[in-house]
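In order of appearance the chains are A, B and C, and numbering begins at 1 in each one.
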Amino acid sequence: MIIQCIFEGLIIGSILAMIAMGIALIWGVMNVLSFAQGEFLMLGMYIAFYLNQKLDWDPILSIPVTMAVMFGLGVVIYKVLISRALKGPVLSQRLITFALGMVLANGMLMLVSSEFRTIKEVMFTGTVNLDYLVVSKEKLVPLISSMTITALLFWFINKTRYGKAIRATAMEKDAAELVGIDSEKAYMIAFGISCGVAGAAGCILSYYYYITPTVGSGFLLFGVIAVALGGFGSIFGAFAGGILMGLIDVFAGVYFNTALKYVVVCVVFMLIVSFKPKGLFGK
Amino acid sequence: MSVILDVRHATKRFGGLMANEDITFQVQQGEVLGVVGPNGAGKTTLFNSLSNFHKLTSGEIFFEGKRINHLQPYQVAHLGIARTFQIPQAMGEMTVYENVLVAAMGKDKDEKRTEENTRLTVAMCGLAGLTDKMAKSLNVMQKKRLEIARAIAIKPKLLLLDETMAGLTGVERVEAVNLVRRIHQMGVTILMIEHVMEVVMNVSDRVMVLDSGKVLAVGTPEEIGDNDDVIQAYLGGKKM
Amino acid sequence: MWKVITRDKKFCTGFCLALIVAMILPVFIKKPFVMHILILVCIWMLLGMGWNIIGGYAGQISNGHALFYGIGAYTCGIGMYLFKISPWIMMWAGMVISALTAIILGGPLLRLKGHYFAVATMAAAECGRIIFLNLDFVGGATGIDFLNKDLPAWYTMQFTEKEPYYYIFLCFVVIVFLLTKVMDGSKLGYYLRAIKSNEDSAQSVGINTTKYKMLAYIFSAVIVSLAGSLYANYIQYIDPYILMPLNISMMICLVAVMGGIGTVVGPVVGAFVMTVISEWTRSTFASINGFDLFIYGVLVIVIVTYMPGGIVSIFNKKKAGCEKV
């Protein structure tokens, strides 16, 4: 039973972690708390949905395309909106991302209706039976996919030139510029990646979750909490925070009270952050 | 002459770094004690400890006979210790007048007296023409004066000045020294961190030399100038 | 204390004029829809002014004030529905509960800075929403309708016409507005602005930053709670979805930011503009699902991007410009 819970927790947690890492990237690099991340997730879900409808693509296979599209969207949004917002006060930046989320969610609502949709057929169905654990492929595949994307993200941030440039800009913008890093470009790429990751999370989530324009807001809140839990802009912290929250979610639901499990999550968060004001891993 | 500040075995550690180690000294009421030492010697850390902006790792601080280790910074200010910050921490979104007013408010409930105290302090620090300017739009010299104005507006008994002279030119420096002297004449005990040696030697009654977190020597300017250890560590082998 | 107001002649004349206009306005308005907008404007003015104390003056940006709004609304709803207690009494209960909640939350949370504080307030608001969602005795997800026709209208604060609501809410708006103006010129006002500007500096001049931040948080919670209580009585219905925490919380911030954060008049102006825009878009574009909020979102982006200081800052710039000439 416990192992089943851990498994379930990891699935939810890994998706939450992906959203959280996207938020952490923007928080860490530009110090903006982006409230539009849930909507980028939602857009990813719809892209996966339509590719599935029209071309019979399995959502997991749609990930590369989705990530590319969302990356492009992220870059455009950065250039048009975020770069200007950065010059203003912090609260205005949040309000702008919040309003952006509203525009995306309602824009989507206008284009499609609000009825819930689901992916009709996925490629990997059936179950895998391990001794102590029965695992449905519909849940295993998302888990593996999100772990893969996470690993790719870590690789990108830590090993590639662009990733290192972004990290340098995040830590010390002026110093980074002095050594020739174009901080605007770094910000732009960071924002694009965070959208891409959210889009990928959307594809993965669509495997077993319903799709509707307003699906983003629930995930946003917990994504944001996961990031704060992990600590300032730390991508690893956000990852850990997301996984932790997924686990708390499932365990609280099973052992405590399904209805109030989110209260448990929030209270645990508030307790942790009271004792560690900069998050578990914050500097 | 009584002891206004009594520091015993003050030690401050940041993780593995020992910023202040076993620092013991006393400040006589009404004197000017210069605090000198190379960069990284632990001078500002000491000030932060004295004003309780961080807690000492070990050791005790007595102000006017009362132990003040456990107090919040604002309580230390109320007791009568004022400080300036090395990098001026002006309240940028408020005017010069408001910056000083806010400090004066804490001391006096009477509105008229508070306003008068503010005006006098502003004038004394040479900021009279700038009262309506936003603090964030001041230049460095003006910000430093504002630092001092805010500090003396709370009518302190002990004033901690952190590198007030840094970056000042000849005329500005003379004015700053005059201001410090006027404050001293009002009866305020002064601890001043300085790098500009001629200022320290001319203004201080005594000088304390810090090096690598420890007290190297304490004495009159002449004694310090003649002290071999100090010359070796700090003055580079040359006699003052 | 009141000297602060009387000394400012410009403020006095402006305020009196606005008050007179506000009081005789209903006489000229025939359409109930316009009255409805004015009533909502009053509610949002209260919300904005309340939030402004902690967010605008003290600089602690809370994105979770919907919690107190909900507490205010639910205490009145529960009081009337279960116990038939008048909202005139229950609103005070709501304010007390909100104040206590603020104290309990504020203790640990006010130590947090920036994004961390914002996220923690969001988490707190979410807790509130889930708890309300699961309170079966007040209808849980479906909420309750506490319309009561048996008791007299002045007792239940449930009127059939809109005018009484408007005048009652206007009274509260005036009171809170004047209190804000007094606070602005008082020691509390200065201290909060000092804390917002530079907390270390504030500490070094003897300001007990913890105490004042807590006071600001409590006052803001109480005023927002009041607004929730009044609104609940206006619509005679409560449910957790009306509260929709992040949306409401962000819109509360928006009101103050649009008008001019940290100013006395800002939230009032912002509430007016924001409510008019949102109600206009809602009624005009009601046919297409989502269009109204879409337009609203776009307008918010435009206004916040190009007027970071709020609408009030335009007038301040004009004043400064004139002075130069």
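Quick note on the criterion: a contact is a pair of C-beta atoms (placed from the backbone, for glycine too) under 8 Å apart; a residue touches a chain by one contact, two chains touch by 3 or more.
Fair warning: this is a prediction, and the values are worked out from it, not measured in the lab.
Averaging the CA coordinates per chain and comparing them to the mean over all protein CA atoms picks out C as nearest. Ranked by separation of Cα centres from subunit A, the top chain is B.
Chain pairs A-C and B-C differ in how many C-beta pairs are in contact, and the one with more is A-C. Subunit A and subunit B, compared by their mean Cα positions, are separated by 49 Å. In this assembly, the C-alpha centroid of subunit A lies 32 Å from the C-alpha centroid of subunit C. Our note on geometry: subunit B versus subunit C, Cα centroid distance of 44 Å, whole angstroms.
Taken residue by residue, subunit C touches two or more other chains at no position, since every residue touches fewer. For subunit C in complex with subunit B, the touching residues are 187, 190-191, 193-194, 196-198, 200-210. Those residues of subunit B that touch subunit C in the shared complex are 51, 53, 72-75, 77-78, 82-83, 85, 89-94, 98-99, 101-103, 105-107, 135, 150-151, 153-154. Residues 55, 61, 63, 105, 108-109, 111-116, 118-120, 122-124, 126-127, 130-131, 133-134, 246, 250, 253-254, 257, 261, 288-294, 296-298, 300-301, 304-305, 308 of subunit C are the ones that touch subunit A when the two sit in their complex. Listed in rising order, the residues of subunit A touching subunit C in the complex are 27, 31, 33, 35, 81, 84-85, 88-92, 94-96, 98-103, 105-110, 113-114, 213, 217, 220-221, 224-225, 227-228, 232, 259-260, 262-263, 266-267, 269-270, 273-274, 277-279.
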